[in-house]
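Presented sequentially are two complexes of chain A, the first with chain B as partner and the second with chain C.
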Partner chain A sequence: MIPALAHIGEAPPRRRGSVRSLARRTADAIGHAVAEVLENDELASGPGLMQALDPRFKLVSIVAFAVTASFVHSLPVLIALVLATMALAAASSVSVTSFAGKVWSSAGLFALLVCAPSATAWITPGAVLVPLGPASITAPGLLIASRLIARVIAGAGFGLLVIWTTRWTDVLRALSSLGVPDLVVATLAMTQKQIMSLLRTVENMHLARESRMLSTGSATENRGWVVDRMAFVARRSMKTADDVYDAMLARGYSGAMPSLIDLRATARDWAWMAAGVTACVLVLGIDRMVFPT
Partner chain B sequence: MHIPDGYLGPQTYAVLDAAIVPLWMIAGARIRKTLKARQVPMMALAAAFSFVIMMFNVPVPGGSTGHAVGAVLIAILLGPWAAVVAVSIALVVQALVFADGGITAIGANVVNMAVIMPFVGFYLYRLVAGDRPGFGRRIVAAGIGAWVGIVAASIAAGVEFGLQPLLSHTASGQPLYAPYPLAVAVPAMALEHMLFFGPLEAVVTMGIVAVLARQDSALLDMKPAARPLRWLWAALAALILLTPIGVLATGTAWGEWSAAQLKGALGYVPAGLGRVGTLWTASMPAYMPPFIANPLVGYLVAAALGATLVVGVAWGLGKLLSRKDGSTPVDPPSARL
Partner chain C sequence: MTAEFVLTGASHSYGAGICALDGIDLTVEPGEHVAVVGANGSGKSTLLKMLDGLAFCTTGTIATAGRPLTEEALEDPAFRREFRSRVGFVFQDADVQLFCNTAFDELAFGPLQLGLDHDEVRTRVAEVAASLRIERLLDRAPYTLSGGEKKRVAIASVLTMRPRVLLMDEPTNALDPRSQVWLLDVLDEWKRAGRTVVIATHDLSAAAESCERMIVLSEEHRIVADGPPEEVLAQRDLLLSVNLVHEHAHRHGADRHVHPHAHEHEHA
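Presenting the complex of A and B:
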């Protein structure tokens, strides 16, 4: 955690059994989202295997990994991919525990909930492993669910690793360098800045409401207030667009988005690419020849 | 509704990823015509708004909270093509910055939430609201558009999930990606959005439109209905032509069993169900008109008849609301995206 951001999303001391208000919960969630993005930038600027790579090669890698994982059918190879993402995290100075925790608590948990019924005899009949009546877990059902969860975790894990080890400004530079039109890159850049600005505004709205409220408020009151604030954000977004454009013109905007930093591929980047291509071919070869489905 | 990597097989995500490229090009061309150079901050702000609206927790009955997507609202504010770009950008940022939604599944997420949802919602809003709506009619139209828009997007996601066991499976028939067939995936996705997320989306959209109509009605300028309606008819025709996909599904949707099927599964028919189940006899049970033998043709005809009925009811509702409103225009019509 960045020391200056330590207060973000920090809840005040709570009595046991007390209920946090909607405003507090939303402000906390937004604060955590903002802090996470800023922490990612700090991690991406540090030392590590992935951090040292050219962002263009990382963007190509993320697509290559996701596509390769989508073609893998066997569970052992998918588990190997999950382990590979953890090894890459360790080599990139990323805490494996927090990395695995983040992947499991988001993509993994969701995948588990979604495909849990498919592991039962109700959806997938077959040899029963755990007898629980109509919800008995079957061998083919467990294989189907495990395969999906492993694939989701592998894809989400590698994506998260690239995000954690690449600054957003580098992602934009890489997109521009890979031929994405300047207009799109400029819009993406501005979107991220505006998201942070609007999130701050929304967080402050919720904190201000929290500080004025003596109780958590009824659901109807809260709903009315939330909708009113959403309308405020909509109006502010539309009005700010004109101001931003005027500011861009005042600074000499002509449609082009020049970058002051040139991206140059090094031997390390090409070695990474060669290793990545070899790994993809090996993974698919082993999947098809050693573990045919 | 953000689909992560791993749920869709290559045959599905490749098609959807390829499909969004021309859609983005058309959307870009449409926006460029109208917004000129001002498009960059406008699109960025709309995308940021689309992102941020998903961060608002809205209380729902039962003590829980949920969040809206806002795609139909953005379409109402900026037009459907601008909504395509704005929501697409928000989805790309979510995938690349917050790891929410997959890289290979970007096409599917864009098609569902940035194309189907705003287009269906916006044109239904236009159909019900008309060219010069009064306050009440505009709010009702926004609610109907938002509810139908998110339900349509969820059905599209359900179809994408449900096609996986048909498209990709092992030699023994085990699904390799999303494991549920169409008969389970579509009703599961549609029901939760019809009952939970749809009403939430409708309440939020209606509320924001109501506040804006009172405080800053210029943001809700309507555009002429002629061209949007052409698109509506084209989209409706395309959807009707796609309905035979439903024939691919085997079995009965979960929870939609007939008395005979229940008897086969349970060995008996619950007394209440047996009594109530015979109260009404549908004229076209199982979407099969009795006068057509071919199931594909029957499905198509049922879809066309059903669509005509729904459009007729929506049109009638619009007329009724228009009469009650006294046709008081809130703001003048003007051309938007």
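Presenting the complex of A and C:
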């Protein structure tokens, strides 16, 4: 953690029964988001199995993992893939509890909401496990929903793990090296920088308001203020975009974004790739032969 | 020797006729260190942008190294390349200037735009990083740097282009005292190297220390003084009239004491 920013994101002590204002809650949430980005950079720079890999190989692995997971049909194999992502997290110094919590509460919950109808007799008829009228949960429906959820959790988990264990700057370098147009990579880089900069602005605006308020304000007042500030931030981001463009012109920008890519694959990266390909083939083989549909 | 910049009756207006500069006549000779001082909104930043070909005259003319500096002229790739490699601009807000992925990329951006060989780019980045003592920052994303570190990287990002002319907007802004001293040393080094420097600043003491010529812009966006800093700063009434200093009253025991007072930092 960068010492000067160490305080960001720390939730202030809260009195029992106290009502925190919208300004305070928003500022805390923003501070927490900024701190998370910085902590991720710290984690990605630390020791660990996946941190040591070339980012290009990791990005290619995401595609290979997603394709493999989408071809797997058996629930046990999909669960094995989920467990594999957790094992990789542990080997990469990532807290398994935190990793599982974040993946399951975001991707898992989203998949559950999307898949829930397919578990019912209305979409998938079959033997009823939980009778709820037309929304009764059937055995084949539950299997289909479970497969989809496990597939999403496995894929999203692996993707998140790669992002957590790779510094954002290396992700962008890898994208550039893999042939993604320079303009796209530069836009991604600037977008992230602007998001961070605007987050700080919004956080300071909320804190400035908090410091001058005697009450938490009504919901209507808060909504009006938030909308007003959103307009302000939008205008400011446009002005900043103009200024950044001027700064680029001042250093000779003429439309191209050449870069110095200094990524070199090592034996470890090729071993990772070989192991990954072997694992994908094995997973698909087991899925087809041990658990035929 | 051809003047670095010649402005003749140069004026600039924004949008709906909001005047930023009015009838500026100014010549900057090679090797000169010039400080442009003035109150907020007097047109200092606009003047630097015009010198860097980022804003253009609405009336009057501006020439650089004997060639007109216009939007059309900068469309010529050969002139643009020559001009951008000769003139560097350090923006007031380092956050604006640092738009790349890492500090290393920031330093490499300019030389890469000039089409230099990759080995040459790496050499320049290493040299400038060592001279400004920012090697340990090269791998960091700009948004993770402190204010002083950002300023150093912003200056380094311009120096890798090895410009002959440096334009600096509020260079001491957001710098702690140690970094301010460091910057004054850097300016001194540039003076010895014969580089031309134009700085826009509120910091009268830094301007006087680093420049041999001081230009004062009035709140009416015109040049009202041009000369050695010691002569300009001696004109107390002039500085009061352009809002660079103000009467400051305070008490020493029972006695009320009044004297001129300057603010050395840009107000946000």
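Convention: the second predicted complex is superposed on the first by the 248 of 293 C-alpha atoms of A that agree within 3 Å, B and C clash if a C-alpha of one lies under 4 Å from a C-alpha of the other, contacts with A are read in each partner's own complex, and residues count from 1 in each chain.
Assume a contact is a pair of C-beta atoms (placed from the backbone, for glycine too) under 8 Å apart; a residue touches a chain by one contact, two chains touch by 3 or more.
All of these numbers come straight from a predicted model, not from anything done at the bench.
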{"item": "Chain B versus chain C as contact partner of A:Thr191, first or second or both or neither", "value": "first"}
{"item": "Contacts of A:Ala250 with chain B and chain C, given as first, second, both or neither", "value": "second"}
{"item": "First (chain B), second (chain C), both or neither touched by A:Asp228", "value": "first"}
{"item": "Contacts of A:Val82 with chain B and chain C, given as first, second, both or neither", "value": "neither"}
{"item": "Chain touching more of chain A, residue-wise (chain B, chain C)", "value": "B"}
{"item": "Partner chain in contact with A:Thr240 - chain B first, chain C second, else both or neither", "value": "both"}
{"item": "Which superposed partner A:Leu183 touches (first chain B, second chain C, both, neither)", "value": "first"}
{"item": "Which superposed partner A:Thr169 touches (first chain B, second chain C, both, neither)", "value": "second"}
{"item": "Intersection of the chain A residues that touch chain B with those that touch chain C", "value": "168, 186, 190, 193, 197, 240, 244, 248, 253"}
{"item": "For the chain A and chain C complex, residues of the former touching the latter", "value": "2, 4-5, 38, 41, 167-169, 172-173, 186, 189-190, 193, 196-197, 240, 243-244, 246-254, 256, 258-260"}
{"item": "Chain B residues within the chain A interface of the complex", "value": "4-10, 13, 28, 37-49, 51-53, 55-61, 63, 65, 73, 77, 85, 89-90, 92-93, 95-100, 102-104, 170-172, 174-180, 184, 203-204, 207-208, 211-212, 215-216, 219"}
{"item": "Residue ranges of chain C in contact with chain A within the complex", "value": "49, 52-54, 77, 80-81, 84-85, 88-89, 91, 93, 95-102, 104-105, 108-110, 112-114, 118, 121-122, 139, 141-144, 146, 157-158, 161"}
{"item": "Of all residues in chain A, those that touch chain B in their complex", "value": "22, 25-26, 29-30, 33, 36-37, 40, 62-63, 66-67, 69-71, 73, 106-107, 110-111, 114-115, 117-118, 123-124, 140, 143-145, 147-148, 151-152, 154-156, 159-160, 163, 168, 171, 183, 186-188, 190-195, 197-199, 202, 219, 222-224, 226-231, 233-235, 237-238, 240-242, 244-245, 248, 253, 255, 293"}
